[in-house]
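What follows is chain A paired twice: with chain B in the first complex and chain C in the second.
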Partner chain A sequence: MKFVKIDEKQWAEGIGKLKSGYRVFGPVKEGKDHEFRELTGDASPDMAFSNTRLSPKSVVYPQSEVMFEYTTDESRPDHHILKEPRRDDTPRAVIGIRPCDALSFLLVRRNFDSPEYKDPYWLRNYEATTFVGYGCNDPCATCFCTSAGSAPHDTQGLDALVVDRDGGYAAKAITEKGEALMKAAGWTDAMDEAEAEALFADRAAAAEKKITRQVATDKLAEKPSMDLYDAPFWEDVAFSCINCGTCTYLCPTCWCFDIQDECRGCEGVRTRNWDSCMAPLFTAHGSGHNPRGEKVQRVRQRFMHKLKYYVDKYGEGIQCVGCGRCVRSCPVNIDIRKVCDMMNAYDPEAANDCACPTT
Partner chain B sequence: MTAPARQLDENRGDIMQNPYRPYPVRIDEIITETEDKNLKTFKFVFIDPEDEKRFAYLPGQFAELSVAGKGEIPIGIASSPTEKGFVKFTVNKVGLVSSHLHAMKAGDVMGIRGPLGHPYPWEALKGKNVVIIGGGFAFTTLRSSIIYMLEHRDQFGQINVIYGARTPGMLLYVDELKAWEARDDIGMHITVDGAKDPDWKYNVGFVPTITEQKAPPADENTYAIICGPPIMIKFTQPVLDKLGYGHDRIIMSLENRMKCGIGMCGRCNIGKDFVCKDGPVFTLAQLNGMPKEY
Partner chain C sequence: MREYTDKIRQIARRLLEEGKVDRVIGFKKGSMPMMNEPCVIRRPQDADQLIWDGNCGINLANYLTGAKDKVGVVAKGCDSRNIVTHIIENKLDRDNVVVIGVPCQAMIDKRKIAAAVDGEISEVTETDDGKVVVRGNGFEKTFDRAETLQDNCAICVHRNPVICDEPVADPVPEQTDVDRYADIRAIDAMSDAERKAFFDDMFAECIRCYACRNACPLCYCPTCFVDESRPQWVGKGQDENDIRTFHFLRAYHCAGRCTDCGACERACPVGIKMRVLTRKLEKDCKELYGWEAGMSVDQRPPLDAYKPNDPDAFIK
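So, the complex of A and B:
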């Protein structure tokens, strides 16, 4: 049962069946945008979306997550001792994740699953999750996944892939996890393999043709890091930035976090919260000294991290999946595609002639 | 680009070891070190004695001091692994956690998470001459190093220490400094910027000046370990250059704002390296090729 066909009725019933074994997340229309939400009750995913406004990273990596609980009540024998909270390890299913977003989890995992340390919160959530992708037929004008190691129907990071088909969907299991989910949903109506493969290939090719913007990343690895760091274009890139942090908030591959203690009376928690390299406090020392106190330093950090430091650290390409969210939502039209092209083409010898970005 | 496989590794037993969980400790003793009372040394005892073995460290490493309800601060370990039964940290009163810590008392329960980061390169330092240059309250991991080297005295060549503070009352570990002064197997060069005490019998002058006068000549077998405020480092470096110290023979320990201490939260990076996980110890040769974001 590699390929199955799913008609509209089977689809709706399958989503319902999944809810008995999984916490099911899917795209839901909110205002003019779609967001990934937990589908409770008889809610079903709204598959008529291009992509969600926010990435689904919060399913695995919540914006705020309790790491420990404790009491400061000294009459209790365990006061001031940190304990992990009881966890909800119910399997999770993300229905309708786009291939670009699915790839982002593999990129982010390199940070949370290092040879020296394992982040148990991220890894447990990740292990509990089954990703059911939804092939993209109409990429946005801002999409550049094909330059970022992904594609509209790419299967990296997915457990199953669903594509549109007359009267419903066709689905293919990619991992055992995906197969198990399809079985649990009752999506077992086998599809002729040759027919299915042709359908998947046609859909993929048609969608890829619609992505017209290519971004050059091939020379990033060979550029000396300090040449790029000292490049003259950062002032221009940062000029209009208002350090709002929208880009880091939306980005599926931004993982930076803060750790804070919060108490009510004697009961306290240690939580971790998404943080942003766009905020001055992110790096401010207790002494008042701040190694990235200037806006231009923070803007440079964001792009250098994604397009150079990550490239050098892991040798596995850029820390970007080309989802285009930061391009779409930036209030001052800063475009990572242009910055990446500038970095990739940068030649310090030639730079003395003109420091202006070609926009 | 090849992405890692979707399936996780087979061997996942280690996932249950939570690197964010501090070892519970009890404050055994608090010593006010300096005349401005802004520096206190905390001596901690592990509540579970097994945790002391798990917290096996070397001089130059740091730990997150964790106070439930307040948060965590990364602090260099001031005790030496040769001192058993406790660990020591000297903390400057600066922000929320350190101020709270200064108000705590012996017997209170808190946590220590670590050891974190890389120690000074003890393997490379074996058989070598070591000159330690310290200023102000950045003397903590240097204390650890001195005690460690004296305990393994036959493994090192000449040991020299240049340590300065603003006034005699601002020097850390004064009793130990005096005891080391009395030894003939370590060259101590204590200095202050100025002393009102007519009985002050050590040096007067800034650390760079005393370094120029007292540091041993540079050679392949001599390493300098420098910790101090940026202004001291800025003016000591040209002196070491003048003395001929190679930049791969100058070892420094950095600090940056930290949260996780394990290279994940993303804020303490200098280029692609994290001060917490890839440092905090770097040679000057390494730092020369990195952004000055510290």
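So, the complex of A and C:
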């Protein structure tokens, strides 16, 4: 049972059935935009969405997550001991995740799950999750997934992929997890393999044609880091940036966090919260020194990390899946596509005629 | 708007050629519909990058804080009032800034327009006869420009720059019959429980990215109170009290200073309408002290000056 067809009724019933075995997350319309939210009660995913405003990273990596609880009340036997709170590691399913967002989890995994270090919080949430993708038919003008390692019907990082079909959906199981989910939903109406292959291929080809913008990344790896670091265009790129954290908070591949203790009286929790390299506090040292005290340094860091350091460290492409969220939501229109092309094309020899200021 | 653009380029080029300024801050065309990017022009031959239209809602006074060189800045009414505020607060020397004043015809609201059409927008054009034409995949829709304005622009009463060295056009008529505080009075009239529910709902989606703060020219503190760590005044997670504390305290820090430029709401990625906070304080300043922020470089703001006849009935 690799391919199944699902009519509207089976779809709705299946979502309902899944809720007895999984915490189900899906796109929900909030105002003009969609967000991924937990679908409780009768809620069903609203599949008429193009791209959610925030990325679904919070399903695995919440903006604030309690790591430990503690008490400093010395009359309690467990005082001054960090205890892990009760966690919910029960299976969860994300229904309708876009292929770019699904790929982002694999990118982020390189950081949270490496031979030297395994992040237990991220990993447990990740491993509990089944990702059911939804192929894009109408990519946004800001999407550039095809030059960022993904595609509108790509299956990397997915356990199953759903596409539109007359009168409902067709689904493809990609992993055992995906197959198990489809069974649990009762989506078992097998589809002729040849017909299904053709449908999936047609949908994928049609959508890919609609991606109008590519970025060039082929030369990033060979450029010396210091050439890019010292390139004259950073002042210009950074000028308009207001150093809000919008781009990093909305990005599915931004993973940085800050650890904080919060207490009331003797009771406290240690939490970790998303952090942003755009904030001066991100790199402020206890001594007062700040190695990235200037805006231009922070803007450069964001792009150098995504488009150069990550490329060099893992040899698996850029740390961006081309979802376009930062492009759409930056209040001052800083566009990673332009910056990426600029970095990729940069030649220090020719830079002397550059119109950009060098100070 | 074409005339505005031409005139801005002409002025910028001349100022740079004559060495009157080291740089000019304005807008260049963005990479998406309804988006322009603040930019800096340093050479006369680059002045043609500058443009003007209804998508210049970012407040450029934000890019002037602490400037020590000679700088020309394209400024609409609210920007000019924030420049005045910068001057009063010693963040800027009047002699260092050349205000290229734009009589403002109000900014259009990209969210309002996006919400009024189905599908992705590929092109938005403003016509000379006050229409906004929105095109996308398979649709074209024409709006009256007046219906598409940013909320703050719709109730703006100071569209003309209050200080201006290089006017871009003749002044535009000011709006006189607007009620700036209808929604504020409605909130004032709520019971405590209703008001709490109103604010809970308002802040529910805040992700604490601080785009609102960072877009604001008033928020120039070297370390914002929410970023202080010794002592740490406010928690950094998603606790609702911390989120409220951020918003309410930030609003208080803007009391008597906010020009209602709308940059904060425009910048917010999740569409939070936090201007009700600053407008409540604006209303108080107006009613108690007859004060409007940023109208004159010669007058001290009420919150940094004492007068024996200051009202004090609210001190209990």
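Basically, the second predicted complex is superposed on the first by the 354 of 359 C-alpha atoms of A that agree within 3 Å, B and C clash if a C-alpha of one lies under 4 Å from a C-alpha of the other, contacts with A are read in each partner's own complex, and residues count from 1 in each chain.
One rule holds for everything that comes next: a contact is a pair of C-beta atoms (placed from the backbone, for glycine too) under 8 Å apart; a residue touches a chain by one contact, two chains touch by 3 or more.
Every value quoted in this text rests on a predicted model; they were computed, and no experiment measured them.
**Q** Is the arrangement of chain B and chain C around the shared chain A a clash or a fit after superposition?
**A** Superposition result for chain B and chain C: fit.
**Q** Is A:E116 touching anything from chain B or chain C once the two structures are fitted on A? First, second, both or neither.
**A** Touch partner of A:E116: chain B, not chain C.
**Q** Of the two partner chains, chain B (first) and chain C (second), which one does A:I81 touch, if any: first, second, both, or neither?
**A** After superposition on chain A, A:I81 lies in contact with chain B alone.
**Q** For A:Q297, decide between first (touching chain B), second (touching chain C), both and neither.
**A** In the superposition, A:Q297 touches chain B alone.
**Q** Counting residues of chain A touched by each partner, does chain B or chain C come out ahead?
**A** B
**Q** Could you say whether A:S225 touches chain B, chain C, both of them, or neither, answering first, second, both or neither?
**A** first
**Q** Given the touch rule stated above, what does A:L158 touch, chain B (first), chain C (second), both, or neither?
**A** Only chain B; A:L158 stays clear of chain C.
**Q** Let me test your reading of the model: by the given contact rule, A:D258 touches which partner, first (chain B), second (chain C), both or neither?
**A** So A:D258 meets both chain B and chain C here.
**Q** Tell me the contact category for A:N344 with respect to chain B and chain C: first, second, both or neither.
**A** Neither partner.
**Q** What is the value, to the nearest 10 degrees, of the angle subtended at the Cα centroid of chain A by the Cα centroids of chain B and chain C?
**A** 90
**Q** Quick one: smallest Cα-Cα gap between chain B and chain C in the superposed arrangement, Å?
**A** Minimum C-alpha separation, chain B to chain C, in the superposed model is 6 Å.
**Q** List the residues of chain A that touch chain B in one complex and chain C in the other.
**A** Overlap of chain B and chain C footprints on chain A: residues 258, 260, 284.
**Q** Would you tell me which residues of chain C are touching chain A in their complex?
**A** So the residues of chain C in touch with chain A come to 30-32, 35-40, 42-43, 46, 58, 62-63, 111, 114-115, 120, 122, 137, 205, 207-211, 213-215, 223, 227, 229, 235-239, 266-267, 269-271.
**Q** Which bits of chain A are touching chain B when the two form their complex?
**A** Residue positions touching the partner: 67-68, 70, 72, 79-82, 84, 103, 106-107, 109-114, 116-120, 123-124, 126-127, 149, 156-159, 174-175, 177, 225-226, 229, 255-261, 263, 268, 270, 272, 275, 277, 282-287, 289, 291-292, 297, 301, 304-305, 308-310, 312-313, 316-317.
**Q** Under the touch definition given earlier, write down the residues of chain B that touch chain A in their complex.
**A** These residues of chain B touch chain A: 1-4, 6-8, 14-22, 24, 66-72, 94-95, 98, 108-111, 230, 255-257, 259-260, 262-272, 277, 289-294.
**Q** What part of chain A is in contact with chain C in the complex they form?
**A** By the definition above, chain A touches chain C via 30-32, 50, 53-54, 63-64, 138, 140-142, 236, 239-240, 242-246, 249-250, 258, 260, 262, 271, 273, 276, 279-281, 284, 327-329, 331-335, 337-338, 355, 357.
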